[in-house]
Structures are given as structure tokens and as C-alpha cells.
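These notes concern the structure reproduced below.
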Amino acid sequence: MDVNKNPEPFPGEIFEDESGNTNFLVSNIDKLSNWARSNSLWPLTFGTSCCAIEMMSAASAKYDWSRFGFEVARATPRQADLIIVAGTITKKMAPVLKRLYNQMPEPKYVIAMGACTITGGPFFYNSYTVVKGVDNIIPVDVYIPGCPPRPEALLEGMMKLQEKIRHSRAYVIDKPKKKENDD
Amino acid sequence: MQLSISLLEITRAIDSWLNSAFHPHVAYGIELVLAGVAVILLVVAMAILMVYAERKLAGFMQMRLGPMRVGKWGSMQAVADVMKLLLKECLVPTNSDKLMFRVAPFVVTIVSFMTLVPIAFAKGIQLWDINIGVFYITAVSSLSVIGILMAGWSSNNKYSLLGAMRSGAQIVSYELSGGLALIVVVMMSGTLSISGIVQAQADGWWVIKGHIPVIIAFVTFIITSTAELNRAPFDLAEAESELTAGYHTEYSGMQFAMFFLSEYTNMFVLSMVAATVFLGGWMPFHLAGLDGLNHFMDYIPGIVWFFGKTFFILFLIVWFRWTFPRLRIDQLLKLEWKYLLPVSIINVLFAAFIALMGWYL
Amino acid sequence: MTKEELKSYLEKTFPGMTQEENIDFPVLWVEKDQIFEVAKKLKEDEATKFDFLFDETAIDWQTHFEMVYHMTSTTYRHDLEIKVKLEDRDDAELPSVEPLWKAAEMYENEIYDLFGIRFSGHPHLRRIFMTNEWKGYPLRKDYQDDDVISL
Amino acid sequence: METKDIKHDEFVINVGPQHPSTHGVLRLELWLDGEDIIDSKPHLGYIHRGIEKMSEALGYKQFIYLTSRMDYLSAHISNQACSLAIEKGLQIEAPARAQVIRVLMAELTRLASHQLWWGALGLDLGAVSPFFYAFREREMILEIFEETCGSRLTMNYITPGGVVNDLHPDFVKKVKKLIEQLKGNLHEYYQLLTGNVILQARTRGVGKLTAEDAVSLGCTGPVARASGVKCDVRKLHPYDGYDKVEFEEVLNDKGDNFARYWLRIEEMKQSIYIIEQLIDNIPEGSYREKLKGVVKLPAGEYYQRVETARGELGVYIVSDGKKEPYRVRFRTPNFSNLNALRPMLKGAKIGDMVSMMATLDLIIPDIDR
């Protein structure tokens, strides 16, 4: 199999104005805020089934997600930054999940953990109640496949999310690009 | 002769320079602002330090490492958390009482800062040497319950309301034993002023001098202050597994951070009070009669003594949190009204008798 | 009671009711109107004391429903399976056994939810798994759903 | 209950579906008078995945794997139940080696499950540290599972006719090491939680369930045994050679939260005892009876009971002779154990609710299926 030894960094952008210079202040504030956000992802304690147990394992001493600062799991969506959808989402649960997502303050991130949340599951895709992919309900940032994924996979996924946040832009606003044939 | 430069000399120098450069009133105003900024910076810095220390300590108590990746040994973890909270959206629920909802975190924070006023950090370093210092602290610190009740009521959330009511019942009850525990020392030292109490411990800390009644009072005070802080095992107000987050369920971003900050500030204040009243404040470890030891102890500056004692008590409180399960609300109130309060009242009588007879060391 | 003793007891007590035996349990076929009386007798009789209803479910045979009650006795440790045939598939209703075994409340709720069999005398029949607006009864064999891929 | 009037000073509160103490997505509707619970009503179905319906479309060897996701903490035992039911239909028996492996795996599962329960109980009652101590041994067990079965949580290891593959060479060594460590650590459990005054105050005399109620409500497993009802399937209807090993059915007649707590701790000791007896006596031989690719059961019905970590799991297969089962029904322990919650909650405090839920040890996907 063709394995990329040196994967490229997560697709990011360089924020520059027309003259090609980056705005020092804005881009540094952006860097700072991205640093803070990426290093302090507080997950919502949300788990519906098997994957939730592996999520608990990721919190346990062997895997210890507190090393990355994820250990402040909040029970209320108001104080959470990240919702790890761990487990199957059924049609009855879907409105609840959507509501939880809406209750979270910006900026908020979503990790779809496990096959059930990504596609409806390796087994439950053919069920009358299961939502086939949580991205039908809420936007997802990182997908972690597995049934259930190992705690290492969850940590890797969360690190990928950190990387994604670091390359995102929070305060730089795009100027509308000039059209080439502007009359 | 003392080798170290005491903080008092630094403050005196600043004071004299300001007075020579400006009109005395202006100088006084500048000093007030400086002192305020210093205290706020100190508290924020200590809160950040404490959050980090607590997470590390919790990690070590639970056979794991705690924060590791942000900065060396995860030292910037709490900074990142605070910055993230600052940058996070502050939601105000639609059906809440919006004014009260927004005011509540400020009330709680201001109250907790106010309690810092009469604390003596080192020899002569005190914002306001008020002659009723201990009384002031007990009176003001119980005001925070108003902020908590405001938060719980205005959120329009039943979990918040339950949490706030629990917190109200808890703080109001535990104030009593806490106050009675302080009275023991107040009676023995004969003063309510913080500096007076510290001075009275020049030949030995009260916990040693006052033997049995003060030790009982000290233990009672640690228990009651843990309860007043709403920290485990008395964290019923925010009981995560029962009420999701208690009175601050609906708070997000900076508003939540202010509750968090006030909780930690209260934690410092109560630890500082305990350190001051029972463990001699900035006074070095002195024993009457042992001049060699006393002289040696004097070399360690007062501020080190003070913060050392404070952190010792903070450590105790953190240790409780990561060890004990939570009490139930009726057990919590039973502990206060049926055990702590009678014990404190009898202890006060006992202490009064001892103070009257002069039987302390 | 052993299986044989139980069988002869059932023959004696409930004459006219068909008996069967499968690999695990003796089976007693009961008419749907009599189920409550039979269950009451079995539960309260000193000789049988079937005080533990460990399962209650239904089977959809496309032409009719079959109710299956599995019960055991915590005193004698003998098991029994009671079956009831429900001919009317569109308007199936039979007496609830909830007054005898409190466990039946949830089982019957579940059967109502997934098969659409109603139970008269049940204190609070509701759809416990599906939402109230859900159309159809999923465990019926003719249940249609757009999400289910039939092969 | 539906038409219940809410009095002036009463209010209704919804616990769940997203709530830390419901261990998943159970939703409880509580009627409260201040801190006191007047009545409660569970709402299920937030994780109803239609496993029974899906099983009707899958072959006999396939639908077993759905059951790993039902009670995911007793995955081995659920698989074992289905395999036994199918074996009953085919009238075969697993080879002796496979039976011993199954029992070993089942008991290890029970240990892992009870440890997770113990840690979660600590979390629910507000003590965070036990969680980490519980996961220390749990991770060791999961490592053993992983080596042999290839998976940590949803193993799919036990199959009709035996087990999927042979034990890992290190299995015996690792299990012995685990047992050594566990024996020492059970004492630590006592120091950390069992002996704690607050835990005792929170659990003793709270959440009483009488034996009559337990029987009537259909409770099984540790919940019923803590009320003094003998219901261990391993003793009553032995399967896979449980009649050949020595162990005690732990019983307690108090029926309160602490009885359930104590009982699970004692059950861990019994599981260790069973493993100790078997670990040196794993017979040689084949680990699986070879079956046909597509298994067909003769028409009829088959019921198999096993004892999972939470009680009696019944698998009821109705066959019409085709390659798929006509109807599969799982009588899951948690579904009936949940019944016990309502009578217990009446008159209790909110704080008690948490400790009751913790000692009932509910797994919601097992209720909803």
C-alpha cells in the first residue's frame, strides 16, 4: 500500500492582503486564538453506546487524554467546545443531538466517532430507526472510523481536529476578490 | 539583621516616591489603583496556577500525567483554557431574566475580590488594616450566595434553580460553624483585626498555642470552608452527575469563567484566612523559648511563609476533592446542624473558659 | 415439579387446552379470553407458583399473531411457556397480565409499540421505543420503511 | 400518571437523554417536590436500533455479531448465548476446550464489566479517582481480549460450534498475572470507596427493593440477588460446563444500594475463583466444531438463558427451517432491571437517584436493543 510518509499539513491558508503582506496584528491574534482553542477542547459528555466506553477508556490512565487538555468533560453543552458523537444516533435521538449542538456556544466542533455515527454503522445501516450518518444532522469536523475505534484512534482524531483549528482563520475576513474583467 | 529585602520596604519606597512626585491626593489615588491591579493580577495568576496545579495533582493522584502537551509539562494549559473561555461566545438564553443573568457573575466575582481586602500578605502588606477584619471577611464572603441565587433563578433552568437553592442552603448553614470557629481565635487573641491576630502569634501559632479548642476550630473551619466553596465532597451546588452543572448550567464563555475564577478566589481567600488565623499568617514558625529556632525561621521571608501555608491548605482542599464521594443534600445539612454546629458551640464555650483562665501557651 | 409432573398437572387443571412440548419448555395453548384467569391460577396455585414472568413477546406469523409468555417459579424452579393465538391481526387485543406480574407492564408496552397488539386493563399503554408519531409497527413482517433495504 | 396534576409547588424535570448519570441515553421524567422525587417515568428508545428486526434478515452465523453491540460490556456472554441457542438447535455441543475458553472469557468479561461499573459508580457519586483505578485492571483484561480476539470491546469471538480462533500463547501467563494483581487491588477498592463513610451513608438503606418486588418486576442478576432472590443461571441452568466448576452464588437479603454494591464486589472474587480453577486446566483439542457455511436450524423454537454481568439474558429463536431465523427475541436483563427504578425512586432524593442508577448498572443499548 502506498503510505505517505510525510503527510502534508492540514490544508491551511496564508492570510495576505492585495500587496502580498500578511497583517501582523490580525494574523497573530488569529494564531493566538487558534492556539488557545486547539489546546483547550472541552468535550461534552455525550455517548450513546459502545463508543462511549472507548471514549471513557481514552480518559483513563492508560491513554489519558488530559495530556492534551481534553479532560475537562462538561456535562452541559453551554460550556463544551467539542461534541464527540460516540455511538449510534437514532431518529428519536437526532432532534436531541441537534438541539445539543445548537445549545453550544461558538466556536464549536464535532467529531464523529465510530462507524455508526459516520454511516449508520457496519451493522445498523439497514435498520428502520438509525440515522445514516450524523452529518445528516450536524456538521462534522473529523471522522474516526472503527467499531468501536480504539482510544488511540480517538486521540489521533482529536489531534487532527487541533491541527485543523490551528489552520483555521477566526478573525481574518476575506476581502471580496476583484473580478478580472471589472468594468 | 535580615538579609532579604522585605516587601514592606519596597512598598514604602514606592509610596514615598509617589508622594514626592505628585500631590498627596493624586498619589493616594494612584496607589489605590496600583493596589487593586496588583491584587487582581495576583488572583488571576494564582487562579491559573491553581487550575494547573489542581489538574496536575489530580493526575498524580490518579496514576496519570495530567496536562503535558501545552508548554513544558503542560504549564500553559490553564492559560490556553482561560484564553479560550475569553474568546468564546457568551450565550444568554432567550427566556432568561437577561439583566440578572448578566449581572450575576459580576456579583460573585466582585464579592470574592472584596474579601481580599483585609488579608495581610506579609509584614505590612495589607490593603486595609481594618480593625474588624475577620468580621468583614465572614460578612462579605456570604454575599456571594446572592450572586449564585441570582444566577440560578435567572437562568430559567430547573437544574440551575435546584443548584442555586442547594448552594444557598449550604452556604447559609455552614457560615455559622465557620464563624464560630473563627471566634475561638478572636477570643484568645482579643482582636478582630487581621494584623492584630497575626501579631498575637509572634511567639507561636494559634493552632499550637491554643491546643485543643483551636485544633477543633481549625478542623471545623477547613470543613466549613470546603462546604462554603461548593467543592467536593460538598459540591452539591454543581453536582455534575446530578444537576449537570448546577447553578452555572446555562453560563458559557467568560461568564462561566467568572464563576470559575470566583470559586478559585474564594478558595484562596478562605485558605488565606485559615492560614492567617490558625497558622500564623506571614509569621514564621516560632516557639516560645527557643530563640535559636526562632531566629533561624526569621530568615525565611514572611511572604514565603504566608503562601506556603496557603498552599498547604489549598492542597488539603484539592486532596479532598479527588478522594471523597459527594454527600447528599440532607446528609450535608445534617452534618452541619447535628454535628458541626453543636460541636462548635461547645468548643466556643470551652475556648472562652480557657481564654478566661489564660490556659493557652 | 418435573416436566412430566407439570404436564399431568396442567392436563388435570386445564382440561381442553392443548399441550405441546418444545426442546426447552412445556407449552400450554390458551384462548385469548382465558389468559388472565389461567395465568392467575398458575401464579397463585400453591402447587405451581409461577411468580416470575421472565419473558413476554409476540411472533408475527403473517396470518395471525402468537403471544408467548415464559414463566418460572422461584420456589419450584419449573418453567412453562404459554401461547396465545390472536387471529385478528388488524385489531388484536387481549387482557393484560400486568396485575399479576409488574414486569409485564414494560413487556406489554414493548409489544404494543413494535407489534401493535393492545392490552386491555393495562394501566398505561404507550409507545416506549418509537415516537408517538411513528407509522406502523416495525416488528410486523409486512412493515415497510424507506430506510430498510430489502434483499 | 399521564393525567397527573402538577400541584402548586411541584415541578417536572427531565433527566436525560444526555445526562452524565444515565450512562447513555435513558430519559427519566421526574416529578419533584423540592429535592424529593414523587414519581418517575422512563422514556426509552433513544438508542433503539431494531436489532431484533435486523436479525430476521441475517443468517444464523451473522446475527450473533449484532448482540455484541447490545450489552457491549458483556459482549462475550451475549455471543455465547446466541451460539448456545444455535448449537441447541443443531444438537451439537462445543468441544471441551472451547467450553473452557468460553467460560474463561465470560468470567473475564464479568470482571471487566464490574470494574467499569465500580469506576462509574465512583464518578456518579462524585469521587473521580476510583474510575482511574478501576480502568487500570480493566485495561489489562482488554489487552488479553485483544491478543486473542483482535478487538477490545465488541469481540465477536464466540461462535456457534466453539470459538473463532485458538487462544494466544501468552493468554495463560497474562491471566495469571492479572489475577495476582486483582487480588491485591480488591483491597485497594475497599480503602478507596467501600470503606468510605460517605459512600456508606449514600448507599446503606437507600433504594430498597424487596424480594417480592424483585420477582414481580422481573429483576435478575446482581439486582435480584441483592434482594435475596436466587437467580444465577450459571447455577440453575448450567451451560458450557459451569456445573463442573466450583463457585458460590452470592446472595444478600438487604436489598439496598449497598447490598448491590457489596454483591458485585463479591462476584468479582467469585469470578476470580472460577478463573483460577480453569486457567491451569484448559483441555487440549480442537477449539471449534466445523459447521457448514450456511447454518439452517430445524423448524421450532429454541430458548437459551445465560448469566451476563447484569442478569439473565434469554435468546429466543423461532425458526421456520430457512437460513434466517424467523423471529429472534432477546430477553435482556437491563430491560427488566429498569422496572425496579420506579418503585425505588418514590420518596427518594435526587442524589439517591444517581446512586440507584449506578447500582442498578443499566446499559441503555441493552434496554432499547
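As written, the chain order gives the labels A, B, C and D, with residue 1 at the start of each chain.
Please note the rule applied: a residue touches a chain if its C-beta (ideal position, glycine included) is under 8 Å from a C-beta of that chain, and two chains touch if they have at least 3 such contacts.
Fair warning: this is a prediction, and the values are worked out from it, not measured in the lab.
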| task | Mind listing the chains that sit against subunit B and also against subunit D? | result | A
| What is the chain whose Cα centre is as far as it gets from that of subunit D? | B
| Given the two chain pairs A-B and A-C, which is bridged by the higher number of C-beta pairs in contact? | A-B
| task | State, to the nearest whole Å, the distance from the C-alpha centre of subunit A to the C-alpha centre of subunit B. | result | 38
| said: Need the CA-centroid distance for the pair subunit A / subunit C, whole Å please. | reply: 47
| field | Whole-Å gap separating subunit C and subunit D, where each centre is the average of the chain's CA atoms | value | 25
| note | Here the gap between subunit A and subunit D, centre to centre from mean Cα coordinates and rounded to Å, is 32
| Can you list the subunit C residues in contact with two or more other chains? | 129-131, 138, 143
| query | subunit A: which residues touch two or more other chains? | reply | 61, 75, 92, 126-130
| request: Give me the residues of subunit D that touch two or more other chains. | output: 19-20, 45, 48, 50, 53, 57, 131-132, 136
| Between which chains does touch occur? | A-B, A-C, A-D, B-D, C-D
| remark: Contacts from subunit B onto subunit D in the complex sit at residues 58, 61-64, 158-159, 162, 166, 232-233, 235-236, 239-244, 322-331
| note | Listed in rising order, the residues of subunit B that touch subunit A in the complex are 55, 59, 62-70, 74, 76-77, 79-81, 83-85, 87-91, 240-241, 244-245, 248-253, 256
| message | For a test of understanding, state which residues of subunit D touch subunit B in their complex under the given definition. | response | 11, 13, 19-21, 35, 122-129, 131-133, 136, 193, 196, 198-199, 201-202, 349-354
| Parts of subunit A lying in touch with subunit C, wherever the complex brings them together | 91-92, 126-130, 132
| request: Using the touch rule from the top, collect the residues of subunit C that touch subunit A in their complex. | output: 129-131, 138, 143, 145, 147-149
